[in-house]
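In what follows, chain A forms one complex with chain B and a second complex with chain C.
Right, the complex of A and B next:
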């Protein structure tokens, strides 16, 4: 923890930078010396060449931005719908025990289920267009968001609810002014978790009749052991994931600035 | 450690000395295994074969344990999802043999300098992989494919043929939507009506044909244009050097399986059917689609040739690799000589001797 060990910020940055330099230097050394064959680990130079080629010429008949755009569209639609529906459901489940009783068996069953398990079923039910991909991501996000929202509602302080009721607040007013603010931090943590899971499921989703998207690109490049292209794909998908996560942290800080204080 | 090693005088050597002694002993042990005649190596080594569950005589070899009987060695049969996966396993040293790898992954692997050689053929694919289109879609000429969705497993020999079909007819993947689906998913998508065609092999192909599909013949023209596809027997270079007798034995027993199929087709189909989990009728009709080139014919100039006299198959692989490089699937195609060097026919000759 930074609070326990008050190292100057610049020193921490130096460590961070140093670790990156060390890894890249080792990487360059083992690949250029021929110690590790190109198929196992491409050299930084080969990676750069592949990256430039993919940026300028695209990948398999499609520009790179199109692959990135399609992946982002799938992630945002699947995550957006899943988080929205999941949160609404979770709030209801936390607020009314009967709703919880109805939905929790399904949510609890769905949550740990590996998405690859029902991949072929989605093709049979929904075909090979965008819908099975988005539904897969939706189903990945929904249970996580629902459970987080439900737990958030349960965390609301009963004495505050009782106090609000004493002051004559209606159910809706209690929900809006007492329960929702208490549940918000949990909901946003749930959203962050859900986004991570959706993002991780992207490759599985894009295996369905692909030929577009970053996930498919990595799988396709792997088919011919094009480790250079695989690495470029991994870097893109990794940095985008980092950016998306930071975006959510930013949103979290804006909305629930009081959390953790 | 034995008692002598823990003695006091030995500890005087220090850690480095101990390490050196261990390495020395290890090297000696390895050396003795390498130098020893087969009966010593036989007991210690396993043959790792990567294969596919297919309706082919390759599965007779497995089902009847022909290789185990011929060599007395343990054979570890591992099923892979694609030839590309076998390439990766061979590179990592996890597989010694790719039994039935397609010519496309073979050409890619040789071009990429993987430690792999081609020691024989399983079959010439011919009409066994073919384009099937929905009869109701009225697709008569290649130009009619425009605007339709055609599925194929990417990276496969079928994918290669389909792209060859588009290219030779001046079509691009913008005109025809080519989607990447595994054979079982192709059947599902076809049943739902999501695709109007598929370039695939049996049993998926037979299911499409039984379900409103019709054959759109492409293979003869594609073969003539150089898009020949075949299934091959690949060996890890290091394995072939250390255990040439195992490679020869595999080719010999594959020859036996082919002979069984030729002489007793009904019985062979029965064995293949049990191994692949289909009915004997299905196995028999699937088997008929392939041209299983006999070991002797593989040594003709039309196919692999003989040592010092490379056959036409090196050209086939070279052309395949050039196409893959053009598609940017591999970085560059190896020169023809590299393929001629990677096709090693001496094992076939020994198997026939």
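Right, the complex of A and C next:
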């Protein structure tokens, strides 16, 4: 039980560090001994060489930062638009039951729909440039943001709304000063969830139908059986995902902190 | 909030009307000639495609077969992840050392877009069902383990201490106190994990498959069968909604049952 034996922090660090060392040591052992062929699992050394090469020389005519930048730009454009429209729609849906009744069938349908399924349709409609990807990410973020904003509005305390109304606040004032601040934490949780989904969707879209970006980079490396480059790409994608998530947590803390005052 | 408290009887009809209007607009736009017919099939044509596929199948596969193939992969991967992820998460929540040792790996995997390591899994296990099941397992596992761990950490200490002071053994505390108290958090994780697995299975079928709903949609786009693409998307959306509802029913039963105990 956690409470019974509060292990000292230094000991926990040892466990944390030890497990990582163990993983890397096992990895180095099975690859350098020849137990697992280099094509299936590159050795840590080969991975390091590939990483240095990709950082200094880029990947296929483009510097590495350009692939990263292209992916990030798509993520932020699609997520920004989807979260903005989705949140506005969700606030309205929470505020007016009739708006909710009109839009909820579409939002509830779109939300669990696998995003890549409509990528196929978007490519038929918009070609294979940037626009289908942006629309894809917009549609991926929108329902998640809308549902979060709607639930946030509904979580507003009815007594506070009644109190504001009794003090003579208009609908708009109640919305701005009571409902929006109460909905904000939920909206930001939704934004974090949406950003994760958007990022995953973009990488998948670049893998399936891309010609630039991080997703394309690893699928292209995979075609040439350069599993060292695939691994480096996966690590970059993983750390970018972590960084995006941390960014939203940071924003969340700042905004909710401010709203709390 | 006014919206949720007074739900008027006309609201469900508003939803029905909204969907009906959307269908009519779709039919009019598709048949008016504003949009080329190969870009947008009409609802009537989509229904026609449904009848045709139910009767003749789609390129040698029946619709039922494709639905079962997609759902089967998704559920096998998801259930394996539940079987391993729940005990793992509980263990991590109960033992700080275990969470120190495994936490970094789980936290790295969680935001990592699954399709990025699909390329490695194809290299390791081939393009068959094996690599897909492993993919979905790895998609759902970190989400479920994190949710179970968060659930355990949220259990009020006084409940655990009360049970212990009444003479409960460690397994009894885990089974009767920790597990039921962490169920709400766990189910939030299961919902997110199932949705992620469903999105990922379709993405993986777009990348490499010979059956399944994702394969059907991709194949239809190659043969310019816009009606089949739209049919596939609608079936996927409805299946996604059904999965979410199914899990919600399980949650109500389980949490309800535990609530009585």
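In the analysis below, the second predicted complex is superposed on the first by the 242 of 261 C-alpha atoms of A that agree within 3 Å, B and C clash if a C-alpha of one lies under 4 Å from a C-alpha of the other, contacts with A are read in each partner's own complex, and residues count from 1 in each chain.
Just so it is clear, a contact is a pair of C-beta atoms (placed from the backbone, for glycine too) under 8 Å apart; a residue touches a chain by one contact, two chains touch by 3 or more.
Note that the coordinates shown come from a computational prediction; the quantities given were computed from them, not determined experimentally.
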When both partners are placed on the shared chain, which of chain B and chain C touches more of chain A: C
Touched partner set for A:60, first chain B, second chain C, both or neither: first
First (chain B), second (chain C), both or neither touched by A:120: both
Which superposed partner A:152 touches (first chain B, second chain C, both, neither): neither
Contacts of A:78 with chain B and chain C, given as first, second, both or neither: neither
Touched partner set for A:185, first chain B, second chain C, both or neither: neither
Contacts of A:233 with chain B and chain C, given as first, second, both or neither: second
Which of chain B and chain C A:128 touches, first, second, both or neither: first
Chain B versus chain C as contact partner of A:39, first or second or both or neither: both
First (chain B), second (chain C), both or neither touched by A:216: first
Contacts on chain A seen with chain B and repeated with chain C across the two complexes: 39-40, 120, 123-124, 208, 222, 225
Contact footprint of chain B on chain A as seen in their complex: 37-40, 53, 57, 59-61, 120, 123-124, 127-129, 208-211, 216, 220, 222-226, 228
Of all residues in chain A, those that touch chain C in their complex: 1-3, 6-7, 11-13, 15-16, 18-20, 23, 39-40, 94-98, 100-106, 108-121, 123-125, 153-156, 158, 161, 179, 193, 196-197, 199-204, 207-208, 215, 218-219, 222, 225, 227, 230-231, 233-234, 237-238, 241-242, 244-245
Residues of chain B defined as touching chain A within the complex: 82, 84, 87-88, 91, 108-109, 112-114, 149, 151, 154-155, 172-174, 177-181, 184-185, 188-189, 191-192, 194-195, 324, 327-331
Complex contacts: residues of chain C adjacent to chain A: 1-8, 11-12, 14-15, 18-19, 22, 39, 93-97, 100-105, 107-109, 111-120, 122-124, 153, 157, 160-161, 164, 170, 173, 192, 195-196, 198-203, 206-207, 213-214, 217-218, 220-221, 226, 229-230, 232-233, 236-238, 240-241, 243-244
